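Here is the structure we will look at, set down as structure tokens.
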Amino acid sequence: MIDTLTDTDGFSIAGVELGSRLIMGTGGAPSLEGLEAALVASGTALTTVAMRRYAVGSTTGSAGPGSTSGISGANAGSNLFAVLLANNIRVLPNTAGCFTAREALMTAELAREALETDWVKLEVIADEHTLLPDAVELVEATEQLVNRGFKVFAYTNDDPVLALRLEQLGAAAVMPLGAPIGTGLGILNPHNIELIVSRANVPVVLDAGIGTASDAALAMELGCDAVLLASAVTRAQDPVRMAEAFKHAVIGGRLAAQAGRIPKRAHALASSAMEGRPDL
Amino acid sequence: MIDTLTDTDGFSIAGVELGSRLIMGTGGAPSLEGLEAALVASGTALTTVAMRRYAVGSTTGSAGPGSTSGISGANAGSNLFAVLLANNIRVLPNTAGCFTAREALMTAELAREALETDWVKLEVIADEHTLLPDAVELVEATEQLVNRGFKVFAYTNDDPVLALRLEQLGAAAVMPLGAPIGTGLGILNPHNIELIVSRANVPVVLDAGIGTASDAALAMELGCDAVLLASAVTRAQDPVRMAEAFKHAVIGGRLAAQAGRIPKRAHALASSAMEGRPDL
Amino acid sequence: MIDTLTDTDGFSIAGVELGSRLIMGTGGAPSLEGLEAALVASGTALTTVAMRRYAVGSTTGSAGPGSTSGISGANAGSNLFAVLLANNIRVLPNTAGCFTAREALMTAELAREALETDWVKLEVIADEHTLLPDAVELVEATEQLVNRGFKVFAYTNDDPVLALRLEQLGAAAVMPLGAPIGTGLGILNPHNIELIVSRANVPVVLDAGIGTASDAALAMELGCDAVLLASAVTRAQDPVRMAEAFKHAVIGGRLAAQAGRIPKRAHALASSAMEGRPDL
Amino acid sequence: MIDTLTDTDGFSIAGVELGSRLIMGTGGAPSLEGLEAALVASGTALTTVAMRRYAVGSTTGSAGPGSTSGISGANAGSNLFAVLLANNIRVLPNTAGCFTAREALMTAELAREALETDWVKLEVIADEHTLLPDAVELVEATEQLVNRGFKVFAYTNDDPVLALRLEQLGAAAVMPLGAPIGTGLGILNPHNIELIVSRANVPVVLDAGIGTASDAALAMELGCDAVLLASAVTRAQDPVRMAEAFKHAVIGGRLAAQAGRIPKRAHALASSAMEGRPDL
């Protein structure tokens, strides 16, 4: 029984069993080789890919408009998908860079066609400065995507009311942020995350803001079902090592959530009984 | 190289290489069987045992005065030591329950004789209510124990000045608390722990106050060399699972500390470049 | 100049100059006398009144359906308004207890007719358990109320995107929560409040969650223009004293925000120079 | 009764009634005029002066070795003391810059002779980098100063054990730090401050680390009897305004501590009853 503990409990999302509760984004990686190594080290079974970066046609190899730098562009895209396929990592296309429900819908449709998946991580952001979700457009887009048969993974702020509404509209998972994208500030409002978890009937994935391993462990302890992160790994000084760090942190946090932690106490409590001490 | 990452870097203390950065206390365990399972699940290579609980003669089987309840007492002691031996876990006797340098010295000498080790975790507490270390007695006891040839693992408050002084007096390791014993409050003053680490030339072990996995990960991220905990595991609802949680959290936190986390930023930063987006 | 500092800078909202940056709600007060004493002690110049509590007709003395307990009901209402008039405290009717934009609109219209004011604090909550604002209904209600000529003081969550949208829709003030109503948890996410303030061109009033004086001071230091609270005073053990506490805390926090605090430093800095010390 | 609330309860220390719970240091002030204005704006009745800065002979006008810059030196000293006398502000000489009990004793004796006061704020720091108190030297110095008839105001770290010991040795007040001197980090470990307060029978003064008004209010809410600060005012962009801010914050925090705050609740609580709402 002890030896089976390393394998944490199963985790399924949108009807698919995943072997890891760590979901890794691909943004920010300086090279495809580095990205692959980090993905493998993380143990992830699901990764997000920005459709507006790996543009249409990327699976067929034609260069897209975003192909000017780094690992972006069409060839990069086809290479990336080959890498994911080789490592048995499922693709979750996202709508990063979309500002309206309309843009998000078009992006999701392109992703479905190109990648043959009805999964989509829905990002509808309000502006380029905060990268925060736009609640009104998000609600609109979720409703329409669900109606069109998508499995919607809704990236949202940490508003418990909005999270519940997204679930009621049919989202397959709600993905509240811990802090704004790329800040590494961790979980700014654990109270809200706990409240979201306590009322959710779909998986809750902590998304955005994660900076280091303890942040991910805390997310799991608050009751989240999984953690999604990208730049915390891809922009770390040693991405592969950091990916490994998160793998352990997510497992550790999940186990702790299940194990039933000791209550917080205002006053000390001896671990060894004080009475009956031998008189030396 | 990826596959070797699971094995974190080596950790040696008082000249001995240890296979784990998680040190587990035995206090608070309801049964010897449960304790053994938790110790094994934690992967620990070093465990603290309260000498005033497992009294003199415990290795020879004669009943001591503390043998009235639980797994304490002499027979319990000999059984415990057998369990530790069988699992290849080194013993670190502690002076829990000592209020003065004089008491601590006597307890350490008894431990050295009974257990044939010159290692001692030095606890000199001020009172039964706070269980906080007494700085003045601690300094006195450290000086004398070092003079007598002990390897002193000094349990201390989180005062950076005191920690440095204990090292200068010859302590083999300094063990600042995160919060008072048994409170599960985590690390109340991370700033002090960072300061202690930044000036230490001996291992720093975060001791006391740990409540859950993210606390342990944070301790490692702050630069601690190891974490010591007892009741966070032994009093958890599922001690074995919690032990496993801490095993992962300590590994994850250590890897994160080495990997070089992203800086905290006040403002958002896109993981995918925004420029050059295709116009949909 | 020193003696003029006690009078902080002017504060105007919806075109009206107010003599205090502390806005006090009336909810939770056990008696009208106690409420009056607390209002006066707080120095407030503006108070919120729940229209669904002090029902239509309250200014004419006819009993309303809510008149069953405490100081609620129509006679209570007329007495309350007399007290406010006598103390020169302006009334800000709120739509507490409304769950939809439609309900809020009706309540606001009733308030305008009964109290002859076009000011309304807009509360549209999602459910009775969290009492959190419903973003979608709030946007809808703000738009319609502005179109009907109301001065809308929009109670909102701490989402910076929503706050900006409410301003763009014409809200006279945005009122983000620090924490859910009545919790006394303070400001759970100071980062969001700062972000809201940094982008706002209408007054930002910290509303809900305030528990004690330091919470209110912090709100002002984060750049809020005012603080609104009710139960932190009315349910305190000594409401009059607590009202006085908040009066000072808001003034102190405002002055501190203007005075330009010292930066936070990781390392110590002597206030007295160390060099040139006499050799004793 | 309301109008008497502005005058908070009396505060006496070492047998002397003081008209303010804000104690202000003089370190860091760029000019004597600015310092005087800030002292007056703060409303303080007690101020600390570094004896090693205003060297021996300062009251007689002979230049000391520290007189090279700013307002330090002997003439500066005599001017400063004239200012304090004119404003009816009592002097509390401190031993800033002393690293040993012996140095502190000599400095205190010089202060007693020069300033004709047996009050001394005892600072014995461990090093110039952290400026943290040295617990062992502090205990030694307190004992000796008390024996020589001094009223010792002991600047200490936030260790509850050390604070209690200083009181038992006869300190007139214990003055735990919130954070290292000059950092402006606020109160890093509120738990320890609360514990110190709960066991103290002499005044507890929060000393060092204060950055802004809400920090001071929090100190008072935690139960401290007074707050001491220097650079938070003297190094603020507008020292006079910041002094005024702290005056209000300390009064507000003290009133809040007396008024009995509402408990923190995990879940929302309506300030207006929800039942009995009119059906609109």
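Order of writing sets the chain letters: A, B, C and D. Residues in each chain are counted from 1.
In this text, a residue touches a chain if its C-beta (ideal position, glycine included) is under 8 Å from a C-beta of that chain, and two chains touch if they have at least 3 such contacts.
Everything numeric in this text was worked out from a predicted model, so none of it was measured.
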Legend entry - Shortest path length from subunit A to subunit D (each step joins two touching chains): 2
Legend entry - Partner chains that subunit A and subunit B have in common: none
Inset, instruction - Return the chain whose centre of C-alpha atoms lies at maximal distance from the corresponding centre of subunit B. - result: C
Legend entry - For subunit B paired with subunit D, centre-to-centre distance based on mean C-alpha positions, whole Å: 36
Legend entry - Intercentroid distance (Cα basis), subunit C paired with subunit B, Å: 48
Legend entry - Inter-chain centre distance, subunit C versus subunit D - centres from mean C-alpha coordinates, in Å: 33
Inset, instruction - Send over the residues of subunit B in touch with two or more other chains. - result: 130, 132, 185, 191, 266
Inset, instruction - Could you classify the connectivity of these chains, where an edge means two chains touch, as line, ring, star, complete or other? - result: ring
Legend entry - Interchain contacts (touch definition) - all pairs: A-B, A-C, B-D, C-D
Inset, instruction - Over in the complex, which subunit B residues touch subunit A? Could you list them? - result: 1-2, 5-6, 25, 27-28, 37, 40-41, 50, 52-53, 55-56, 64-66, 68-70, 72, 96-97, 103, 106-107, 110, 128-132, 180-185, 211-218, 220-221, 230-232, 234-242, 244-249, 251-256, 258-274, 276-280
Inset, instruction - Enumerate the contact residues on subunit A facing subunit C in the complex. - result: 126-127, 130, 132-136, 139, 157, 159-162, 164-165, 179, 185, 188-189, 191-192, 195
